[in-house]
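Following: one structure in structure tokens, then a few remarks.
Chain IDs A, B, C, D, E, F, G and H follow the sequence of writing; residue 1 opens each chain.
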Amino acid sequence: MMRVVVNGEARQLAPGTTVSALLAELGLHPRLVVVEHNREILDRAMFEATQVHDGDNLELVHFVGGG
Amino acid sequence: MMRVVVNGEARQLAPGTTVSALLAELGLHPRLVVVEHNREILDRAMFEATQVHDGDNLELVHFVGGG
Amino acid sequence: MMRVVVNGEARQLAPGTTVSALLAELGLHPRLVVVEHNREILDRAMFEATQVHDGDNLELVHFVGGG
Amino acid sequence: MMRVVVNGEARQLAPGTTVSALLAELGLHPRLVVVEHNREILDRAMFEATQVHDGDNLELVHFVGGG
Amino acid sequence: MSSSQAMDTPLVIAGRAFESRLIVGTGKYRSNEEMVRAIEASGAEMVTVAVRRVDLDRTREEGMLYHLDPQRYFLLPNTAGCYTAEEAIRYARLGRAAGMSYWVKLEVIGDQRTLLPDVVATVEAAKVLVAEGFSVLAYTNEDLITALRLEDAGCAAVMPLASPIGSGLGLVNPYFVREIKSRLTCPVIVDAGVGTASDACLTMEQGVDGILMNTALAEAQDPVRMSMAMRLGVQAGRLAFLAGRMPRREVAVPSSPTAGMLD
Amino acid sequence: MSSSQAMDTPLVIAGRAFESRLIVGTGKYRSNEEMVRAIEASGAEMVTVAVRRVDLDRTREEGMLYHLDPQRYFLLPNTAGCYTAEEAIRYARLGRAAGMSYWVKLEVIGDQRTLLPDVVATVEAAKVLVAEGFSVLAYTNEDLITALRLEDAGCAAVMPLASPIGSGLGLVNPYFVREIKSRLTCPVIVDAGVGTASDACLTMEQGVDGILMNTALAEAQDPVRMSMAMRLGVQAGRLAFLAGRMPRREVAVPSSPTAGMLD
Amino acid sequence: MSSSQAMDTPLVIAGRAFESRLIVGTGKYRSNEEMVRAIEASGAEMVTVAVRRVDLDRTREEGMLYHLDPQRYFLLPNTAGCYTAEEAIRYARLGRAAGMSYWVKLEVIGDQRTLLPDVVATVEAAKVLVAEGFSVLAYTNEDLITALRLEDAGCAAVMPLASPIGSGLGLVNPYFVREIKSRLTCPVIVDAGVGTASDACLTMEQGVDGILMNTALAEAQDPVRMSMAMRLGVQAGRLAFLAGRMPRREVAVPSSPTAGMLD
Amino acid sequence: MSSSQAMDTPLVIAGRAFESRLIVGTGKYRSNEEMVRAIEASGAEMVTVAVRRVDLDRTREEGMLYHLDPQRYFLLPNTAGCYTAEEAIRYARLGRAAGMSYWVKLEVIGDQRTLLPDVVATVEAAKVLVAEGFSVLAYTNEDLITALRLEDAGCAAVMPLASPIGSGLGLVNPYFVREIKSRLTCPVIVDAGVGTASDACLTMEQGVDGILMNTALAEAQDPVRMSMAMRLGVQAGRLAFLAGRMPRREVAVPSSPTAGMLD
């Protein structure tokens, strides 16, 4: 298994997991999430093709209420 | 001729002049004027029947702009 | 005994008690008290000579802190 | 003659003029003036010894009313 | 404005209901046309008028009834310019005869320079007029004691000033106006002194029932725009009062979550 | 409201026109339902949102896009909570990715207790973001010099505070805000500190182009009513500014004619 | 303080001259010792006292005359707590008998919650007392008309409030107080409502002749320091009024010369 | 004034103690004689002066050292009129040479119309001057973040404005000035904008350590009287701050006992 950090928490992922797969696993709709992959914002079009690697840092963000 | 005071000014009127006649002479529409005859407010219905007498004091008032 | 009212409270006094005697009995210095005897302000010079009678109403007042 | 600039105005000075001489010529008391000589503040102790040269820029300043 | 009025109840004075809490005067406009358009923009349903002699030398156009339709606007005669109770009572009666209504805006002035009310004469006149069946809306100062007496005298509304007539200084003493409102049961209308929309808004936020104004509209550079501004300002202040404002605090509080920040 | 908006021009920021001069936040409401109804009542077309981590333990309902239709409301991501230029730039980019727009409300906070802006870092971040093509609406303090630099940096709007975020103290320094407005050519939006409708009205009377608020609505006892109050208060203040208020004077001036009194 | 008093004239009331324009009350202090030290620090020459029943159950120490030397301080009896003219007249007479002076601070209260004056009863009582030879210093509200009547009634001084007794809200209505001062010839002393030194200073800057206060001193955390502060604040405001302040302007003007800068 | 100063501690700046918390400028007086008398009356121990070219065409009398004895007054050179850090540093050095002291009132102006400070350049210049051993008293705006940076830069005192230089608008933003005072450990002196004694008093009541002013004195109709007024106003405000004011309340509280009334 791979060790990655998602939104600051350590997680174990199966090798070869894609970003799409991760979002699906987390029950998140790709349209409503922005993914920052190792500090780089990942284009939605690349979710399918992008694999997560051991040690990666992922931030999954969206809009919340704010002023 | 009779000498009366209308709105503070001395005027000469023919004996027997009625309030209606006075208003007509002044070009005032009875509906739009209130007549105070010797300090008594005169009912519109009485304009016809009311004669002005020598020495009478008449105040002809209406609504003007005010706050 | 006489029944009088002093500062709103009923009191018993020996017949013939003077205002001076009353003040002395109450431990009040005449110079520092104003006496209202049956609604009339009593001159200090009269404290000695003035007798209290049955049913009299006395108000003993002085200066207190106020703004 | 030398051409120097004193407080923004061109002036002619005799060759060899010292700062002290210049102040004297201008009627200025050395204690009450600060001399900036070619952008360098000149120590009062050096007024005597310092010669003004052709093309020099001198600023003579002092305290005035201000908030 | 339906949506905003749906959030409020009507203003009821002497049993008569008004959708608008803004009452406007008709004096000092540059032209009658401008006055009419400004009053329309203000949304006011009740407008005040003065009672004066017909000018026998001038054309009839000066009369208000030529310009304002009494079917559309409820005309409230005032006793402006009166310095005694007797004089005010006389004008009130003439106003009733002219307007066919028993309503009067009672003013008894006590001083020419400040146009401040003579509260003693005002209470005296109010008693007489109430006894004659008038619905008296009484102009007064910010004195609570006088306001209570005017209510006891049977006034239909008590109208403390925000500041002197025509001054435009706004609401100088919100404490006293708020106190008057909290102590009276009859409607409290703030009369005189409002200068701009924020004054009207702030005044309504004190919880009063309405505002009466004239100079702020007539003397604005653009009376029609200002009338709309005042209409909105009065509604805004009323709704803010009903809504209940946030607390004031000297420490900042973020509007966005402090949690969920990125590493 | 058509009649009142007919008296004004739209607010144009970065080439985009808005009918409403009120911009509202989406934070701190008691419920999302209340937030939605309040925003509707406010008439706002642009609403601010924050960018935060998805909470992986909670239901999806927390996301704003579940509640506000981006077709109906123009979403303005903010950088609230950022204390450095770098951090703010990072959040601005994430907001752009989330919202598909190049607009950002730039905030770089300099102090946790007062949430006052770090104006140096704000100018620095603004330059970077403008270079990346962002339309930057920059939150700042009442300092004219900083405001001029933000305009020079290419900001689409400069947003001085009325008072600290969430304080509800209202417009503390009208002079400086007026000065900023008079010296800048880009829109000036007052952001933060407004507490009630009269604050909004007074602020607009200074001539500024709009107001951004959140806490005054979310923390009102009745946010929907207060939102309507603010909508009206902003319009009232705007129109009063355009109308041009009467002069203030300490001497009274009668509203009714002094001539034509009876003997 | 001699130098500062050299710049002013004494306050003259009913022919009696006072160096100090600050009059203080004697109520509500934590202890009589503190009261005495505070009054000393205030520099006041006239102090108000109340007339009350001797408490027959308590020690004699409660009497003011045990604490304040009438040779040093001019004692001004008040009619505080009276709600009718008759009651106030009765207390005034008792005060005269107790203090051997014909001076009285006349108060007729009209409402228990606000302690606002009943101005009608106050004028009525003033007439009676003046006829009996009293020097009447009358507590009143900010109403000019009432103030003029109190002067006509022969009052030695008219004393409008700054704000309600014991409220500490400061000078709420400077316009009306200034107007009263400009229209009366007798001394105008502002009585009640001052909360801190800047209130006193601002009040004196309106041009009034003096200030009477009690709660601001007695309820300060350190009454002695506050009494000195008020003494200085009253003098400061008085001198600033006499000096004539600079104009207010919204454009800056340098204090240092713009000429003579270096290249 | 000893008694009042006995109630306070001295103002200590850069290790130097001052009895007076009032610092005054020397500009804009109608005559040097008037200036000297005004400064005497103010009780100030530190006075600011500007550095300018000697006017080679005029008599020597213009120099300040002809009028103020440096033995009696501590002269504080300013950098007024400087628009860049470099320029301000140059003037500071000239001032040191002229005054033989390492103290400077640092001003770097950012805008000619408002004379507001360029806070970025001010912080930059402060760092350089502190490194050269100067005791820097820095004029700044009401921004807390900047104030904290000036303290970090080693300034001997931070001097936020009350309002623009020469405006006389008084203390516009008491919240921010209070916040600055509560967060800094170095002395906070309010510089610029005070117009009259009550402004000075109110400013000191915020807890700041002192006030620097010039125009309010020089432009008063009677500068000597106003200087005494300011001296007293500053002391009054300081003592009121130390004394701790009574609470504000909207309900009245009697100053005289409610018990002991007669039947």
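The rule we apply is simple: a contact is a pair of C-beta atoms (placed from the backbone, for glycine too) under 8 Å apart; a residue touches a chain by one contact, two chains touch by 3 or more.
Owing to the predicted nature of the structure, the values given are computational and were not obtained by experimental measurement.
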Count of steps on the shortest touching-chain route from chain C to chain F? 2
Chain pair showing more contacts of the two, C-H and C-G: C-G
Centre to centre, by mean C-alpha position, how many angstrom separate chain A and chain F? 34
Chain A and chain H, separation of their C-alpha mean positions in angstrom: 57
Give, as an integer number of Å, the spacing between the C-alpha centres of chain G and chain E. 35
For chain H, give me the residues that contact two or more of the other chains. 25, 27-28, 50, 52-53, 78, 80, 113-114, 116, 164-165, 169, 175, 179, 214-215, 218, 250, 254-257, 260, 262
Numbers and ranges of chain A residues touching at least 2 other chains: 8, 36, 59, 61, 64-67
Report the residues of chain H in contact with chain C in the complex, numbered from low to high. 254-257, 260, 262-263
Residue numbers of chain H touching chain F in their complex, please. 110-111, 113-114, 116-120, 141-146, 148, 163-164, 169, 172-173, 175-176, 179, 183
Parts of chain C lying in touch with chain H, wherever the complex brings them together: 8, 36, 57, 59, 61, 64-67
Would you mind writing out the residues of chain G in touch with chain C in their complex? 25-29, 32, 35, 48-54, 56, 60, 62-66, 75, 77-78, 80, 93-95, 97-99, 165, 192, 212-215
Hey, which residues of chain F end up touching chain E in the complex? 1, 3-4, 7, 25, 27-28, 41, 50, 52-53, 55, 78, 80-81, 90-91, 113-116, 164-169, 195-198, 200-202, 205, 214-216, 218-226, 228-233, 235-240, 242-262
